[in-house]
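Take a look at the structures below.
Paired with subunit B in one complex and with subunit C in the other, subunit A is shared by the two complexes that follow.
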Partner chain A sequence: MTPIIELRNVTKHFGSGRDRVTAVDSISLDIEPGEIVCLVGESGCGKSTTGRMVVGLLPPSEGQILYQGQDIASMEKADYQQYRRAVQIIHQDPYASLNPTQTVRQMIVTPLLRHQTLGASRNGGGRRGRRRNVERRAAELLEIVDLTPVSDFLDKYPHQLSGGQRQRVSVARALTVEPRFIVADEAVSMVDVSIRVSLLNMLYRLKDEFDVTFLFITHDLALAKYFAWEGRITVMYLGRIVEEGPTPRLITDSRHPYTQALLGAVPEADPELAKKKVHIELRSAEIPSLLNLPTGCTFHPRCPYFVPGECDLVVPPLDLIPDGGSVACPVRMSEPGQIV
Partner chain B sequence: MSQSTDLSWHQDAEENGSRPPLSLQDVHVSYRTRKGSVQAVRGVTLDLQAGESLALIGESGSGKTTLGLGIVRLLVETAQVSPGKIIYRRDGRELDVLSLAEGPLREFRWRDCAMVFQSALNAFNPVLKVWDQVWDTAKAHRWNNREEVRERFLDLLRFVQLDPDRVIDAYAHELSGGMRQRALLAISLLLDPQILILDEPTTALDILTQRTIIDLLRRLKEDLHFTMLFISHDLAIAAELADRVATMYAGQVVELGPVEDIFYRPRHPYSLGLIRAVPTVTGGFEELSSIPGSPPDLINLPTGCKFHPRCPFASERCSREEPALEKVGDNHYAACWHTDAVQEDIERNGLRGKRRA
Partner chain C sequence: MTAQLVEDQQTDSILVSAWKGFRTFVRLLAYNRVGFVGFLVVIFMILLSYAGPLFIELDTKTKIDRIYITPTLEHPLGTDHQGRDIWSQIVNGGKDVIYVAFLAALISTVIAVVFGTLSGFIGGWMDSAIMSVTDIILTIPQFPLLAVLAAFISLNSLTLLGILMGLLNWPTLLRALRAQALSLKQRDFIEAARALDLGVWHIVLRELVPNMMPYIVVSFALGMTFAVYQQAGLVFLGLVPISAGNWSVMIQLAWVRGAIFYKDSVWYIMAPIVAIAILQLAIISMTRSLELVFNPRLRASE
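Now for the complex of A and B:
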């Protein structure tokens, strides 16, 4: 099958000269239709930059991004427009991503009218008929994202909604253009704990009911595990992919020392588990600056398994491992890595 | 790094006898707004025991931060703390915090009760070096021996595992988020407070940085037996660091108990709901379920139990009568008419959802 999204050696620089930082450093990633892929890493690892490039909000500095096998940089205008519609993003902050002066109705109806996904010709009835169709569709979309009864929400402004409700509006707004692919960038991070799961479950339902493929970006490994249990997790560190693989393997038997350090460090909402967990001692607590990245493996100054003369010289390739996925660490790739 | 740091200055927990250093008695806090009175904290009664770490957990709007700020009297002017009493005890003397005059209040803050705020960047003055802020603080508390203060602060910086020479003359923006949080912790310990209040100490920090802060706080707790009050929306912080947990909902403590009881034998539907909503990383897949609905409007609170509109155990009684905290086990209290039903539900369905390997 042709991947719906494919990244080929994608690099993104910001700034120039001495101030140039490489936010994403030659990453490659295939995402098949219907798949759920999680991009996990700490701040500054390039996960959000990657997400924004996938949606077309940022052009890559080098490398290609392909949508359904076509390079988005060299698409015909019509194809490009179709790609921009098909690939949508849900941003992290629902307090910043919605227009405060528009009602929910306006936010949903405007793109429906603009993108003519419900043309008058389809149902007849001219302009008024089209407006009616659009209103009906807006109501359907709000129902899909569980903002019911719909009449309670259509005329609300964002400030009258909770964080979780706003995020549902963002999702409904993304759905107006019938996307095939959604980048969810920390989409539930700012939502109260008790409501997160229902948002995740709603997103998950979209995958099945509307055939949406997800790139789920998060710093929270526990959420990644929950959302992508049947998919894959890709771990980034300072702009590079250090490990990827099917979620169950990555969570229970990670190989890259950075992945292991992350998994061991995550605070657990379970006192016994919290006591039992093995924490990997790093050699340094500080993340290197993107302006002055370490040579070789960028994790080597912090890595407890550092091999002088090897890790600090050679950038480790992302090699396939037999248990599924790939790991960019020749030193540890065949060592099992349970954390409990 | 702990070897050389002499923190024996920390007050011995026994000096108050068995009396808790901090007692909250029926504390209410409301905010005046144009739409009406926001009842942020409604009748919290709680003792903070010497040497214990107590976690206040709850969602946004549960009143946990308001309560923390209320203890050090840093609430905005539109807030009104009444009725209620906050009693502080040290060396056999007793203070009524709410009636302290400006002078004694300034003495009380930091020296008796220090607070580490949520956002470490905003807690620093951006145009002063770290040392200048420390020196200001010491002088404000009439500690005028510059050498002594400096020595002490260098010790504290080593304790929080920072390079003292790099940090002491730095501006806040020159430090990373984790370094700032640690520096802030060091400053909060400067005057040897008896009580430390930490508001979301690890929120907005990266995972590996969170871990260094958690480990540091654990040392404060286990090695130095600091009396700490954690405020967090993150159950994991409570699981990692607390001896006791108080679950807050709509301005009230709805469950209070030892950390194992709250996490493994919760008796309030809200605590149970939170536990079932939060995934763990380790282990297989677990089914999660969220709590339906959203947190209540604090101006127009529901009748009866404030949780009843979202509660799967709610009965008709819940919408009429508000339950008070009742004893449900050793040191374990819950405010719910259906604590037995909660227990049965856990026995029948397990604490968390089904796991798939």
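Now for the complex of A and C:
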């Protein structure tokens, strides 16, 4: 099957000259239709930049992004418009992602009206019939994202909604154009912990009901584990992919020291489990500046398995491992990972 | 069932929803006392200036025996140097002042909004071009320029004066709006609108501008006050030969006729000054309420 989204050696620089920062450094990623892929990493590792490039909001500096096998940079206008609507983003901050001057109704109805995804046939012809169809569809969409009773929400302004409700409006708005692919950029990280799970379950339901493929961006491996158990996790560190693989393998048998450090940092509610947890001692807690990246493997100044003369000279390639996925660490890739 | 509910909500007739909108509007205006009083005074001044002349005719008859009389029942504000009623001049003299100020503020605000948002939102060469022109206009001293222009073009048309002032008064507002557009365009909801392919016009008119509305409306009102002083200054200096009587012309005439030298003529010179001051104060107070009307946090129905 053609991947729905394919990244080929995508690089993104910001700034120029001495201030040039490489936010994303030659990453490649295939996402098959129906798959759930999680992009995990600390803040500043380039995961959001990657997400925004996939949606076409940022052009890559080098490399290509392909939608259904076609490079989005060289698409015909009609194809590009199709891609533009097919790939949507859900932002992290529910307080910034909704226009404060519009009601929920306006936010949902506008894209529906503009893109004419609904004919006027059901309620007779003409503008009024179309308007009625659009209103009905808006109500349906709010029901899908569990904002019920719908009449309570249609005429609300964003400031009258809670963070979780706003995030649901964001999702409903993205669904107006019937997307095939959704980038969820930290979509639940600013929402109260107690409603995260219901929000995640709602997103998960969309995968089946609407046949949506997800790129789920998060800094929280626990969330990734919950959301993408049947999918894949890709771990990024300072603009590069360091490890990727099927979620169960990556969680239980991670190979890259950075993944292991992230896993060790996930807090466990159960004190018994927390005691058993293996913590990796990093040599430094400091994340290097993007302006002055370490040579070789960018993780080497912090890595407990640092091999002088090797890790600080050669950028480790992302090599396939027999247990599924690939790892960018020649030193540790064949070591069986600890059960974390 | 939900769809049914939605349709029921749509059945409000236009009159009913207009009434509801009007009620919300008044409620928001009344939210701030000072602003509401300002709003009422502005309405009063507009009514006085536009409806008043229908009832109170401009007194043009010279009455030598009635020069500079102090207020009586017949002449509530006394008479001028030719014995003409001052109250009738005040009632008839507001129209032009308000018209010119409104025209100037409207033109400068429209220019600033259109080009300020385009400059900030689109950026690139468009931004550089617009900003260069803005900076040039901004560095030209406006008042002397108007004075010079007044000497070359015969500024006997009020509309022409308003347009000229409007064409000169936009740069400061444009810069402010550009800065706002620059910060707004980074917001996630603009990105979402771009991802939804809603088009540049939709983004500018429906996403950017509504978020700048409180600022735009306040700037419009302040632009009006600025234009009132500007035209009063031009007329006072005698640079705009406007024959018809208005508040600015009254001040200038009073000055030229030496009204400041007589004790009893204080009514003649003070009446137009106070009229202008009240109008200005009312407009500035009104901005407090206008800000609230365009603030979505308050706009939601109760």
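Convention: the second predicted complex is superposed on the first by the 332 of 340 C-alpha atoms of A that agree within 3 Å, B and C clash if a C-alpha of one lies under 4 Å from a C-alpha of the other, contacts with A are read in each partner's own complex, and residues count from 1 in each chain.
By our rule, a contact is a pair of C-beta atoms (placed from the backbone, for glycine too) under 8 Å apart; a residue touches a chain by one contact, two chains touch by 3 or more.
From a predicted model like this one, the values you see are computed outputs, not experimental measurements.
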After aligning the two structures on subunit A, examine subunit B and subunit C and state clash or fit. fit
Once the shared chain is lined up, is A:Ser26 touching subunit B (first), subunit C (second), both, or neither of them? neither
Using centres of C-alpha atoms, tell me the angle at subunit A that subunit B and subunit C span after the overlay, to the nearest 10°. 80
Could you say whether A:Glu135 touches subunit B, subunit C, both of them, or neither, answering first, second, both or neither? second
Between subunit B and subunit C, whom does A:Val150 touch in the aligned arrangement: first, second, both, or neither? second
For A:Thr11, using the defined touch cut-off, is the partner it touches subunit B, subunit C, both, or neither? Pick first, second, both or neither. neither
Gap in Å between nearest CA atoms once subunit C and subunit B share a frame through chain A: 11
Once bound in the complex, which stretches of subunit A touch subunit B? 42-43, 162-165, 192-199, 201, 219, 221-223, 225-226, 229, 248, 251-252, 261-271, 273-274, 277, 279, 282, 285-287, 339-340
Please give the residue numbers of subunit A that touch subunit C in the complex, ascending. 52, 55-57, 81, 84-85, 87-89, 91-93, 96-102, 110-111, 114-115, 132, 135-136, 138-140, 142-143, 148-151, 154-157, 159-160, 170, 173-174, 176-177
Contact residues on subunit B for subunit A in the complex? 59-60, 161, 176, 178-179, 202, 206-212, 214-215, 233-240, 259-260, 263-264, 273-275, 277-286, 288-292, 294-295, 356
Can you name the residues of subunit C that touch subunit A in the complex? 2-3, 5-7, 9-10, 187-189, 191-199, 202, 206-207, 210-211, 213, 296-297, 299-301
